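Chains here go by letter, A, B, C, D, E and F, matching the order in which they are written, and residues are numbered from 1 within each.
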Amino acid sequence: MAVVVTRIERTAADIAKRAAALGVATIHEAQGRRGLMAAHLRPIYRPALIAGPAVTCEVAPGDNWMIHVAVEQCRPGDILVVTPTSPCDDGYFGDLLATSLQAAGVVGLVIDAGVRDIASLTEMRFPVWSKTVCAQGTVKETLGNVNTPIVCAGTPVAPGDLVVADDDGVVVVRRAEAGAVLDKADARRANEEDKRKRFEAGELGLDIYGFRPRLAAKGLRYIESLDEL
Amino acid sequence: MAVVVTRIERTAADIAKRAAALGVATIHEAQGRRGLMAAHLRPIYRPALIAGPAVTCEVAPGDNWMIHVAVEQCRPGDILVVTPTSPCDDGYFGDLLATSLQAAGVVGLVIDAGVRDIASLTEMRFPVWSKTVCAQGTVKETLGNVNTPIVCAGTPVAPGDLVVADDDGVVVVRRAEAGAVLDKADARRANEEDKRKRFEAGELGLDIYGFRPRLAAKGLRYIESLDEL
Amino acid sequence: MAVVVTRIERTAADIAKRAAALGVATIHEAQGRRGLMAAHLRPIYRPALIAGPAVTCEVAPGDNWMIHVAVEQCRPGDILVVTPTSPCDDGYFGDLLATSLQAAGVVGLVIDAGVRDIASLTEMRFPVWSKTVCAQGTVKETLGNVNTPIVCAGTPVAPGDLVVADDDGVVVVRRAEAGAVLDKADARRANEEDKRKRFEAGELGLDIYGFRPRLAAKGLRYIESLDEL
Amino acid sequence: MAVVVTRIERTAADIAKRAAALGVATIHEAQGRRGLMAAHLRPIYRPALIAGPAVTCEVAPGDNWMIHVAVEQCRPGDILVVTPTSPCDDGYFGDLLATSLQAAGVVGLVIDAGVRDIASLTEMRFPVWSKTVCAQGTVKETLGNVNTPIVCAGTPVAPGDLVVADDDGVVVVRRAEAGAVLDKADARRANEEDKRKRFEAGELGLDIYGFRPRLAAKGLRYIESLDEL
Amino acid sequence: MAVVVTRIERTAADIAKRAAALGVATIHEAQGRRGLMAAHLRPIYRPALIAGPAVTCEVAPGDNWMIHVAVEQCRPGDILVVTPTSPCDDGYFGDLLATSLQAAGVVGLVIDAGVRDIASLTEMRFPVWSKTVCAQGTVKETLGNVNTPIVCAGTPVAPGDLVVADDDGVVVVRRAEAGAVLDKADARRANEEDKRKRFEAGELGLDIYGFRPRLAAKGLRYIESLDEL
Amino acid sequence: MAVVVTRIERTAADIAKRAAALGVATIHEAQGRRGLMAAHLRPIYRPALIAGPAVTCEVAPGDNWMIHVAVEQCRPGDILVVTPTSPCDDGYFGDLLATSLQAAGVVGLVIDAGVRDIASLTEMRFPVWSKTVCAQGTVKETLGNVNTPIVCAGTPVAPGDLVVADDDGVVVVRRAEAGAVLDKADARRANEEDKRKRFEAGELGLDIYGFRPRLAAKGLRYIESLDEL
């Protein structure tokens, strides 16, 4: 299979905007701790924070040809999500491709492989979450897919799904569930703000969350010294 | 065993203050190159530098319940040191717990696992040394221990021991030895300052340390070209 | 063998200056994607960019004695390149050695091992590319070599070879080939600048590079939906 | 979500039998190089070779409770496929659970985590593909899912999908496609047998596959010595 | 510090014998899941199973001098436990040292570093648990300690402590607790044998352990299809 | 560059035969601890032991085309040594290529990448030292080199160099030095046999090597208990 799917349904821009205000950890919690990409994906500069619909791209190891194909499918606000068909640390992406994506209005790149030209990318403020940094270039010989469902860093991504990336990592929310998940995330955020005030005032989580009885029931012992054991 | 030890002897605040001025590498050398945690513990932002007595906390994999228990045992100036009972990269700690620790006067966290909310932690200037960054949350189901002796990142830590952490990593000094170690570290620092001036003036380590005779005795040869071999 | 070669031919200073303006990725491409050190070598601070002739140094695991020997062989503009004879993450290098190298006019260090005192090194603006950061000190017991051909992070380096290091990593160019490689790199850079303008204007790589016919010939299909398959 | 799906459609037993005769590499090729689990999954003893429909199981880190739930859903010929919700190397599985699975007719286990009691498992001839071996036990506190679609070692697995595992690793074939994939794999196998005879007779791949013209067209040069360059 | 402690209290031989019959996983469970060395320690051949009191040895990276010193402190039935002061994969140990240890009656080696000559060691039936296999030799320049308390692969070991190693890994039991731990392990083993029979007869863990009510209380749902959600 | 060098000078067959009798560790020592490939290269079955002249092959990541080209350059007794131009774990090599190499009289493969069909390779007794095992196939699109000097697993290899591989790993000896190195290795082996007899008789390395005076001079202390410190 080597196809480019040219019509995809995208998560709406207002949803993406809300998501960017909430961040990865909160959204991940709100959707039941699903959809988190593996922790080896790290931003090339910090702080960085983006949200938008995914354009997916599957590439061969050491071959970035399909990224050029994918650029044409991108729309303003999109996030390009790239995964190799087998693990590869080569530098698939540099400042020229970033220039092209930026010209297309793409807000960032998520790639389970290497990137290069990171000094330029940082200066351009084009955020990238990658597995590594590597100057090794790639070839343009083998086809792959654009806008098919993929697994990136252990997590399924369908074209148009909501992707949120910040200093903590990258989370994916299915397009159809994005609205409901953000509603839960908003509620969670509000609850957290309330909790934060209480923590700032010196209240303990033990009391805020009412942990003491269950800790006791499980058998936690408070002692003054290990000699008491 | 699942205990919280409520009375511990802490390294004194003035000792901690002296330690913070000396840094990890110097103190590690001064105590005979002992007590260094594994190099995979890295600060979430740089530069960062803290020193203080350890409150220890042992947690189950994927379970941060005991961190909430540990907060109550912390006093101003303390450093919370957390180790899982088996390796885990989940995000045990985020901005709410950091708010709670900061309210308690805790100066930083050392954890052989993952953390999240690092953009907020950076903004709050709450320094953390961790194994990784990961948005994956944890549960609250399994008991552990607070203020018992632990091994964190390969190094034994007793409650109240002096912990020093900076951009180079984390070192532990036994409470009873902290004064003597810092005395040696002061001497070492003074000696280094003297050396630094000589290095700045262009003197060579070969001469400052008198290495030449022993190098010659071991058989080091100076040649103009490999053809001489 | 334990030798110090005292006479080496260095890549010329003007070549090094040109190289620094071009950067690692461009030079690596220009010399046919050869000479790149492994991606685990990372700068201790960013951005950082240096170029200069290599002084090579081979050390025993956990033993930095030969670095002191190597300092004497360094000249202004040099880059010290250090490799252990077996993998080691110890902190071979800190601020005193950096002071010594800086006094000798050395522009940076590349080491396939650990370094320490990175807060000081950052403040001194002495750039280092290393495998890791580790406060663990080393001994001075075992001889090694200075200015012999080595393999560092998977790449052969001869004394005097051109070394270029930036945020993307480290590349080595053989001294005899450096001029020709930089000529190619200049041409590549010029070509890239032209391409960059076209990308900025919204042209696609598919068109700039003329990829469409070959993609079609290989069988790439454009479809509106996966249902068409 | 914490559900057990009690009715699943399984890949047929005759399909599984055919698959076991073909092996992982051939089937992986036959389905277009899709569905391979990450190479870190290794068999605890060799040789080992199984094929059967997947019963899927998602577990919390350090918690094997749901494996006990999954056993009840297994039928003779099944393969149990277990993935943690975040990376964990603990020993989720040992000889008692293997005894239970063997009693249920399960032919093997695939788990992206640790296992223990491997001497007993080897003696019982109960094959396991795991990420690691670790004696660390797990708790029974947190719910997960049985027979929901999962991602295991980077590869999506739906309940009832065909799983094939041998010394080379583990591959997954979607149930609906299994018959067609095996037909292709049979053809591939036949073709390979023909090729093998020719290779045994000393024919070269260059000739068998007709590579010479394309190699020449790409510019491959045959020279007697590098001096000719 | 560089000392050899010549008088140590050893776990008794009959305790060691009982431990060997129980194995690592059972003993680890019996002592509350403490004392397990990190899972990267693997046996060089399988199956292998030993138990005995520890003679501890701390070595410099790339330096096996102290192992020669340690041999003299070994008695029949001992297990030599070696840890480097910083991580090192060199081959510290080969067939000559194994011959020497075997002559002294030592039953095996546990080392958080590399070993070599593993074909000979396998033929000699001298079992070794190591971090890796590596032919790289070591020097004899730097002192270390014999029979002091160490941390090996993340676990504290005191001289004379009971060490048990099998295909699952390595566990340490404090000498003073060994008898009590083995009593618990015997009980656990007996209980397991009873359980094994029930599992063999097809009973489920869900029933044997009575899990069903708590699973239901936590909210586990049984459904026939995901469409029910 | 994409060349095949068709005339190479090979290490003589009698040298290879002698080398196979000596093994990796002894030869590595005899040549001054040089030429060892990184320890991540492991044999697919054990025991295994080969020696012969290298035919070198450089391949693109995920592309095994040049291995087919290399087969034609192999002669009876050769060892094929393959390195990718950037790190790759794909399965470059399987039973058909092994059949082809075996037909050509090649004695084994060393590859710093993945291999597959290892059950068949084991049955065929075709030994392979690889970085990993992986069923993922490769493409045939990009040229590389045959019989040019390469770096494989961190070690330079020239065509015709002597390669020795056994359970401990892989070592390379330059063709011109092979005779002299084997002479030293023979002497070392003889010396070791003498030592082995003394070790078997219970003599200690401390005495055989005369370590005691230097240990004392360095300050090693023998004490009965740590309380003496």
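Here is the rule we go by: a contact is a pair of C-beta atoms (placed from the backbone, for glycine too) under 8 Å apart; a residue touches a chain by one contact, two chains touch by 3 or more.
Note that the coordinates shown come from a computational prediction; the quantities given were computed from them, not determined experimentally.
Student: Which contact partners do chain A and chain F have in common?
Tutor: Chains in contact with chain A as well as chain F: C, D.
Student: Please identify which of D-E, C-E or B-E repeats the interface of A-F; the criterion is that more than half of the contact pairs agree.
Tutor: C-E
Student: Suppose each chain is reduced to the average of its Cα coordinates; what separation in Å results between chain B and chain D?
Tutor: Inter-chain centre distance comes to 42 Å.
Student: Could you work out how far the Cα centre of chain A sits from that of chain C, in whole Å?
Tutor: 30
Student: Give the residues of chain C that touch two or more other chains, as numbers and ranges in rising order.
Tutor: 1, 33, 36, 85-87, 89, 134, 136
Student: Just spell out which pairs of chains touch, all of them.
Tutor: A-B, A-C, A-D, A-F, B-C, B-D, B-E, C-E, C-F, D-E, D-F, E-F
Student: Please name which positions on chain F make contact with chain E in the complex.
Tutor: 23-25, 28-29, 33, 36, 39, 42, 46-47, 49, 166-169, 171, 192, 195-196, 199-202, 204-206, 209, 211, 215, 218-226, 229
Student: Considering only the defined contacts, which chain D positions touch chain B in the complex?
Tutor: Interface residues on the chain D side: 60-63, 85-90, 134, 136, 139, 141-142.
Student: Inside the complex, what are the residues of chain E that reach chain F?
Tutor: For this pair, the touching residues of chain E are 1-7, 65, 68-69, 71-72, 89, 91, 94-97, 99-100, 103-104, 114, 116-119, 122, 132-137, 140, 143, 148.
Student: Spell out the residues on chain E that touch chain B in their complex, using ranges where they run on.
Tutor: These residues of chain E touch chain B: 1, 32-33, 36, 38, 85-87, 151, 154-156.
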